[in-house]
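In what follows, subunit A forms one complex with subunit B and a second complex with subunit C.
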Partner chain A sequence: MKDFGFSPMKNKVLNFDELNHDFHQWIAIQDSSFNLCIACGTCASTCSAGSYTHFSFRELCKDIRWGNAEKAMKESEKCMLCGKCSIACPRNINTRNIIKMVRKAAKTSPL
Partner chain B sequence: MRYHPFVLPFSFGLAFLLIYTSIIWIRWINRLSENDKQLLRKNLFSFNTLAAIREVFMESLMHRKIFRKNVFLGFMHMSLAFGWFMLILIGNLESRTYTAGRINPPYFPIFFKFFRHDLAPLKKLEAYFGFWMDFFLLIVLLGLSLAFIKRAHSKVLGIKRTTKHIIIDKIALTSLWFIFPLRLLAEGFSAALYKTGNFLTSFMGDEILSGIASPTLYLQAWWAYSIALGIFFITLPFSRYMHIPTEILLIFLRRYGVKEKEQHSSFTKIEINACSRCGICIDACPITALPESSETQSAYFLREMRYDKPTNNQNESCLLCMRCEEACPVGIEITRIRENERKEYQLFASESYNYLTSPKNAAKGKVAFFAGCMGHLTPGVIKATLALFKAANVNYTFIDEEGSICCGRPLMQNGQTDAGISLRQINKDLILNSGAEILVSSCPICTREFIEHYVLGIPVFHHSQYILELAMSKKLSFRNNSTKIVYHDPCELSRGLNIIEEPRQLLRLAGELIHSPENSGKQQSLCCGGSLGNTNLSANQRKSIAENTLSGILSDKADIVATACPLCKKSLACSNKNIEILDIAQIMLEALIAPKFIPENTVESTKMESNLTYSPEINSIISE
Partner chain C sequence: MRKTVAIIGGGITGMEAAIQINKLGHTVHVFEKDEKLGGHVAQWDHVFPNQRKAREIINELTCQISEEINIHLSSFVEKISQIDDSFVIKSDNNELKADAIVLASGFELFSASKKEEYGYGIFENVITSVDLERMFVEKGHPFMRNGEIPQRIAFIHCVGSRDEKVKRTYCSKVCCITAVKQAIEVKESIPEASVYNLYMDLRMFGPGYEDMYQKAQQKGITFIRGRLSEASEVENNRILIKTEDTLSSRPIKMTVDLIVLMIGISPSLANNQILSDLKLEPNKDGFAEIADDHLSPTHSKVKGVFIAGACTGPCSITDAINASRSASVEVHHYLNQV
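Up next, the complex of A and B:
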């Protein structure tokens, strides 16, 4: 990495060349509402799984966008499909459908 | 003469039909589970068989359930089924009488007027037989014209949409439509040439066909009649008309106690084949009103199940609102079949929720209140319910106050069995840890899941039932302020749990209930579109279903829309209608006559607890 005279924290570094950007594309095709997310966090504040773990739809969304497909697939399993996020979301994102898509991808690796 | 080559298409068709259906029946019955076979053996010689025969007569022939829904439609189905049955029955009696009891080949009664022109051996009976045969032919033809009108202008009969049929159904349908006019033609020619007719056939023969009647045309008409019958019989097992034999089998098995299981079984095959694609479920389905055309409705879903595999869209766009099942005259357990069909992919595992820890020292109380996920989205409902509990001195504990754990129903409805069962276990521990004697939930989804799938050993109530109980036992009193209230039945509460009267009874204490055909207090209530059983519909589609539902139940006199489900409340509130949507608990709290001031800390004290008495009904449930 180029030396800028400062560096980010090691555990926050993402190497874009190594990450999976096809997954983001694939999800956005499966459910076009995915790209509407503004990361407002409403879903995270209501998430049933979120009161016990770090998981929330917002986290999932972030992981997918950054190309952390592996992590997204692993984390998505924590969702209870309870439906709070889809009702709370101000952008009308079909969250549960997207979560199911991520789960399907985790089970069948369509890419 | 007792034979002519023109009977061959009919005879071949009939033989094929009988052999084919028997093979299929034997296969289906053979593949039933051992348990189901036992039920079959045990019940075969019991009153259930008589009950089944009666039901076959009432439903398969008279189509009573369709009559109740729509008189025209009922008459159409009845005239075709019952009329045809009577033609066969009387025709057989007629030919038997004619040949003095001798057994005739199967085609003989059908083509009786071709083989016998001299009806003298029937003596006096000739006129009776002739009259009734013509009468039922007329009935069938009337039914047929209604069927024709239904295809061309369904609205005349009060039906918005008819089923879009596939090619094999069209062939079968066309041949069926030809059978009876051709019979009239053939018998008309017989009447014209040989004077064998009664009122209808003679009229046909003397007034219409007399000019052109000739032996050649006469023979051709009989050929055509036989061919139409033959085509119908051969296409029957592969088309929607397979429902005719299958429905009979279904009725018997159902009377013997056979049901849908947790997975598809041979019985599912029978149910799927018993669907007549009558299309009654299409009008009932809220998806039908969406502008996007889709084939989600059960008529299409079951058709795909029968020939192939439902598409993802057909499988997942359904709201599981059960309106189709309620409307279906055949009584197919559509929702169970749909839920089972979704079980193919297990996307979540039972270990998925290992991060959840069962609560250890839960607060104790006599009544456990469970708000559920949707409840947590509507804090107003929780507050109102708990305020009513406090006012009535109920010793309660709010068990999922700290973060909700889903009851598991959404997972189950999406086919995620393993994961759903693990959530059930966690909540079951939570409930039983509280030491409660009664479980109350303000969410119909959770309530239904608790009642049907949790084995808790304590009675479970929906909050509308419990508040009503508190009112009946004079723990709460309300002031009727004549607010005009329209009540929206949640699907899970009305069709799911048959809790229809209790919320109404309660609301009548607070205001005036306004009725519309769509909230008539029966099981046909509309769906709000919010259903958690669906992950596929977009927010806009859901909103448009909510709008339709609101327009269905609203009248301009109404001040408030009441519902008894936090999810319905949320979904209906999304629409653009300018009306307040409140939960039943909120309305009751408004109307509550405040009790004398009770200091906060006495509410849960044991002294108050002893005051808690229930009506005999609830007491009997508790002691059970």
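Up next, the complex of A and C:
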């Protein structure tokens, strides 16, 4: 039969009762500066990769926080590790190291 | 000849004004409606920005109140009349003629039950920031109505502030930093607890406030930019809350053991009578109006009437003490003239 009309929509609601905090906690232990992000977007606006792809370190932080480990790992591949974001971040967050940790997690599955 | 100054309200503003004006050589009378001095600060446990005991501040001020200062406790000022350059202050157990007045009558807390959708007074595990201070004083940690220790706690910013629906469009100024302070204290008293702060903007304007915010982040407190739409009760009297994470444009729902409403600073109704007796208009938010936003922050528009502290709008302890000292100097200059 032809695919017609309706399909079940993905629920947009973020249910905090089912959120998995393990990845966030692991990252926060690897780099204690992680929790200090204030979502100001300076990193994303200066990002070399972000000018050409849909990549934002601010969003990456959010994905980690909200338990979206898989997406974070996939996104982290887009970074060129140029370090501009580290220089710009007003909270002195060790952005490059965090990206490296996400990549490490993708390779070694520490959880 | 010694002049007489009446101070309406014995909170920290009134106490400081009494100390200063007495030192400047005038006779001082403080009218306080409660049985003790200290006002709201006497109810707090530890205060921002340094988590010092509130008691310490009240005690230090109390030590400086000399015997020369006349304190009238349980003395609610009902009426003030003006006769030429002097004022007659009538309280429920006193009457006094004074040459100048310092209005230091403070604020009222926003009544949380006015925001019905948040369930205060309906659901047992919805409390206010003031209830939480009381819990800290009593037990050193928050607790649920059934006595259990909460494991998930959410702080709701801006309850009764920045809200056209309750006719309070202004920011109450001290509740963001109080929420950060209380979140830290919750985490310190229950380290395994998950703590969330739901905010619209974080207003960390004072010295040391941003540091407290960083400290809260370091302790793992989660800040979510979004305002609570509604709270409902679910099994075991837990609270289901809904907000949006406006940074990722996604609605959020979560169940928590306790929600803490950061209630705002409202103008005191008792003040309205005093203001109208003195032919003073309240400002647009309902507080006592200062004569000039920049240059006369403690003058009212009536000669001989000075205003300081939270009766002029939301303020911290530091603001209140500064205003009080400024008013005292103004009172002194005024009395030397008349």
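The working rule: the second predicted complex is superposed on the first by the 94 of 111 C-alpha atoms of A that agree within 3 Å, B and C clash if a C-alpha of one lies under 4 Å from a C-alpha of the other, contacts with A are read in each partner's own complex, and residues count from 1 in each chain.
We take it that a residue touches a chain if its C-beta (ideal position, glycine included) is under 8 Å from a C-beta of that chain, and two chains touch if they have at least 3 such contacts.
Source: prediction; values computed, not measured.
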Would you sort A:28 into first (subunit B), second (subunit C), both or neither based on which partner it touches? second
Once the structures are superposed on A, label A:92 by its partner contacts, choosing first (subunit B), second (subunit C), both or neither. first
Between subunit B and subunit C, more residues of subunit A are touched by B
When the two structures are overlaid on chain A, which partner does A:62 contact: first (subunit B), second (subunit C), both, or neither? second
A:13 in the overlay: touching subunit B, subunit C, both, or neither? Say first, second, both or neither. second
Given the touch rule stated above, what does A:39 touch, subunit B (first), subunit C (second), both, or neither? second
Counting only contacts in the complex, subunit B reaches subunit A at residues 345-349, 352-353, 355-357, 373-374, 376-377, 402-406, 408, 410-411, 414, 416, 419, 423, 530, 532, 535-540, 567, 570
Provide the residue numbers of subunit A that touch subunit C in the complex, in ascending order. 12-17, 28, 32, 35-36, 39, 59, 62, 65-66, 91
Sort out for me which residues of subunit A touch subunit B in the complex. 33, 46, 48-49, 51-53, 77-84, 86-88, 92, 94, 96-97, 100, 103-104, 106-107
In the complex, subunit C touches subunit A at residues 196, 214, 217-218, 220, 222, 225, 245, 247-248, 250-255
